[in-house]
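Take a look at these structures.
Paired with subunit B in one complex and with subunit C in the other, subunit A is shared by the two complexes that follow.
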Partner chain A sequence: MSGVLGIAGYVLREAAARKFILAFLLGVTGVLVTLSLSLRIEVVDGALAASRLFGEVMDTNILAVDVALRPIFMAAAAIVFYGGILFGIVSCSDFAPSLLSPGRIEHLLALPLRRWHILAGTFLGVMTLAVCAALYGSLGLVLIFGVKTGYWTVGPIISALLACVSFAAVYAVMLTTATVIRSAALCAALGGLTMVAGIIAGYRAKIAPFIEEGLSRELFKAVTLLLPRLSSLAQASMDLAASAPLGVQSLSMLLAGVLVFGLGMLAVGFWWFEGRDY
Partner chain B sequence: MQRRRGLWLVFAVVLFGLAAWLMLSGQGEVEVAPPPTVAFPKRLRPEERQRMESRRTYVMPTVDSGTAADPKPLKPTDPVLAALPRGKGKTAMVIEANAIRHSPLGELLLECMMRRGGDDLERFKKETGVDPLKDLDRLVITDEGLIVSGNFGDKKLKDLLSGRGSTNYDYGDGARIFEPTFERNLSDGGTVRRDGPRVGLWNDQMLVFGRSPDGVKQVIDRVEGRGPDEPPVISESSTYGEMYGVVSVEQLKKMFPPDQQELALKLAEVAENVELHVDARSDFAMTAQVKGSNADKVTDLGKSLGGALSLARMRAQAEGEKELAQLLDFAKVNPDGEEFRLELAVPLEVIKEQLAFCREQRDSTASQDAKPQEAQPTP
Partner chain C sequence: MPAIEVIGLRKTYRRAFRRQGHEALRGVDLSVPQGSAFGLIGPNGAGKTTFIKSILGIVQPSEGAVKVLGGSPEDPRIRARIGYLPERLHLPGSWSSPAFLATVARLKGLTPDKAANLRLLERVGLADALGRRIGGYSKGMRQRLGLAAALLGNPELLILDEPTDGIDPIGRVEVRRILQEEVQRGTTLFLNSHLLAETERVCDRIAILAEGKVLREGRLEELSRGGSRWVVRFAPGADAGALASAGFTAAGSEGVYHVEASDAAGLNAALDKARTAGALLVELKRDGQDLEAVLASAMGVAA
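The block that comes next holds the complex of A and B.
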């Protein structure tokens, strides 16, 4: 276990050394600070009476704070979900290929570690990074709106964590790809493809009737059955952020399914990595 | 080594299978219905404009003295709108009885009315010749009384109104006033005569109920063009929704609960009148337009109302009243200078739940009626 944690720490140190990640954190901080300084909200007995952004009146309607903030939290959840996964794909695509690059991999394999420890450690390191970034952004958003309106909700934080679970499934595909071909570009491409496929899989029930009945429709259903339902999870995360009723039958099962898909993909990576000669 | 490697693959296949089952069960194959949306009445819709135009049926008679060189032809007007009170501080609420009757809400209310078999309705039809479900068009509630429009040409109604020694006489161009009296037998053998409401029947299409003959005559005068020159409290362009009208601030103050009297006083101080519109075509959606002369005070009042609604919603959430909280989800105040619009809605599903007892009562009555019939031996 210490081997897995050691590799995870190594990945985190590598991330901290990258200017790209630091720029991202500074960017998120900038957005949060700008929002907190430029947004003025007047609340009367729990109703949002007036809101101004950069001095401009945003919405003249007077309605309950949580109802008024729903679209903002939903939009924020959608940005965190899809934007976060996209950013994760781009920024983390290089970690695994560089760790498995010639010279480094031989050094790692010489350490008293099992092979799967290296992959699991990389996965754990990247996921720690993703969870920290998601918590930082969502907690900041909750704090700003909480202080300004008096309405406190954990919805955006939970939705950010849901995005992390989705990213776990996507990153597992990227990590497994890296064990086959050590290419950051291919890792990112397959990560992006998984994301798109995951969005389609979430809408499989709606899309299926548009496909010609017979083999092609059954094939579509069979393939999408195995893929992580990212768009369903995104919708659930938006619903949670807005404290709206959930559109899915069981969020915990869906969440567990996406996570188990990630673990399954990771197991494929372990299988391939164990048999590879370096 | 190879065996352990193979185990990873087996493990992966098991995990993929488990993931597929979990995701299928978690998401569900049935599409979830979209969240409810409520359409608030804000302006005349095409069908309401058509309805408004089709109601311009009455051309006021003119007396040509021969002095006008080219007398302009008079435009036909809606007699019900013409009958409405004039001037500030008056109340008039129009209920589109026919439209409500054919709405889902009307169906629910009718189900409630008919839960005892509808005997009262049948008796009413038999005695008056008026079928409330077919012959009523609009119902107007005013400070002075009630105005009902529809088809009242049946002889039985006139006989009923003019019977029992009541006075009746023609008035104006097309109206007849009825002043019915009712007799009640006392326990000592004597009788007491009591005056009933004064009724005016205009052109077999409008019934006017008032407290005094003069009140009824004033309404008839307004319809036939002998009233004041001021416009009616409801203009044609405001005839949207299934219920609409103007409520005086004094009347509205009475509707507030005791714990909201402070808000009611503020409303009376700031607002001049309140225009109400209710859409009952699917959900029960209401907009109230509050107008005042001081923009700042009106905006403050809007904020207070918005706050009161928000507090009520929070209280409902805290006390577990899901339906009420859901209802207040749609509550919104939209300020606009010297006026603001308040929006409130009751989803149809909530109304259905509230009126579910009617269906249950009706079903149980029907099953009780059926039992004795089942018990009878077949010949």
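The block that comes next holds the complex of A and C.
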């Protein structure tokens, strides 16, 4: 286990040196600070009485705080979900290819580590990064609105964690790709493809009738059956963030599907990596 | 127990959609005694790096058995006792050398010891570059850092692939000194270097690898020995005729002769005859070959 943690630490140290990721963290901090300084909300008896953004009065109806904040949290959850996964795909695409690069992988493989430690450590490192970034943004948002309105909810935090679960499935594809072909561009491309396919898979029941009946429709159904339903998870994440009733039938089944897909992809990657020469 | 024992090692790199692969190693048998300084030499494409990767478990052999320090190279407990410097070590450019060394030490399962790491960096000549990022290091400095990483934890077996590549002549002397210190400490050194003079100075045993096979292997002096022939140089003015009758044959250069003597008594008898004839001895050495000539003769190429 120490080998896995060691590699995860290696990845995190690499991440800390990336200007791209530091800029992202600064950007998130900037948004949170700007929001906390520019937004003034007055709450009377649990209802939103008046709001000012950059000193300008916002024209809003008098609503209960939780109802008023619902669209904000939903929008934030959507941004965190899709934006976070997209950013993760771009910013984490070269971690594994870099670790597997000639001159580095030989050195790592000669250390007292099992081969799977290297992949598991890379996965753990990237996921730690994703969870920390998601928690940082969502916790900041909850704190700002909690302090300003007195309405406290863990919805946005759970929603951010759901985004991380979805990213885990996408990153499993990227990591497995890196073990086969050591290319950051290809990892990012396949990560993006998985995300798009995952969005389509979420709407498979609605899309299927538009495809010609017969082999092509069955093929579409079969392929999308195996994919993680990312858009459904995104919808669930937005509902959770807004403390609204869940639109999806079973969140646990959705999560199990994503988990099975991610673990399956990782298993392929681990198997391939075990038998590969460097 | 040998430090490295390889029997019938074969490695064929196969490519997708191709029936025939590239055979990098074709049945290598090699035994590296513990505590020796072993040099692996051979031309480009001989299979040296594949051989090194095979004994570290980085490349999986197609056939044959590999034992390192009495166990399998796949076993992390065995690898914990090995220090390895790859041919082209890729280092994280944004890190400092102490941070890199601390990470490698952690991955090796060593107890964190900042002071020991700093001493090691000092030993390889990086004391003045501790605060700098590795990205700003020269090739030689990176190589020194790689050597420091290999030396972490006082390994029993050091496997170094071109350790002096990119290091300046003074630096090479320092690296050689470090390697000799390690051998004196009892570490087994397995060195792959295209610098034959370097190998000759550091190693006591040599193997010549070409086209995936070991052509020759043995102690350096055995491989380079030219049999019972000696090279003798006399001061100018020596009587060539008297020397010829004493068994000396002119070697071409002025005052340089060859003499055959199977033992010390025979050699001294011949020298006594030469001195009696008025020849003054200036230099005497066994007529041996340097490593370049040994490699060339093993390869069947004129040196």
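Convention: the second predicted complex is superposed on the first by the 277 of 278 C-alpha atoms of A that agree within 3 Å, B and C clash if a C-alpha of one lies under 4 Å from a C-alpha of the other, contacts with A are read in each partner's own complex, and residues count from 1 in each chain.
Please note the rule applied: contacts are C-beta pairs under 8 Å (C-beta built on N, C-alpha and C of every residue); 3 or more make two chains touch, one makes a residue touch a chain.
Please read these numbers as outputs of a predicted model, since none were measured by experiment.
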Fit or clash between subunit C and subunit B when superposed on subunit A: fit
First (subunit B), second (subunit C), both or neither touched by A:192: neither
Subunit A as apex of subunit B and subunit C, Cα-centre angle in degrees (nearest 10): 180
Which superposed partner A:278 touches (first subunit B, second subunit C, both, neither): second
Larger contact residue set on subunit A - subunit B or subunit C: B
Touched partner set for A:10, first subunit B, second subunit C, both or neither: second
Subunit B versus subunit C as contact partner of A:67, first or second or both or neither: first
Three-chain overlay, closest Cα atoms of subunit B and subunit C, distance in Å: 10
Touching both subunit C and subunit B, counted on subunit A across the two superposed complexes: 275
Complex contact set, residues of subunit A against subunit B: 44-47, 49, 60-65, 67, 116, 202, 205-206, 225-226, 228-229, 232, 244-245, 247-258, 260-261, 263-265, 267-268, 270-271, 274-275
Subunit C residues within the subunit A interface of the complex: 13, 53, 56-60, 76-77, 79-80, 82, 84, 86-92, 94-95, 99, 103-104, 106-109, 146, 149, 159
Touching residues on subunit B, where the partner in the complex is subunit A: 1-2, 4-6, 8-9, 11-16, 18-32, 35, 302-311, 313-314, 328-329, 331-336
Subunit C-touching residues of subunit A, taken from the complex the two chains share: 2-3, 6-7, 9-10, 13-14, 17, 101-114, 275, 277-278
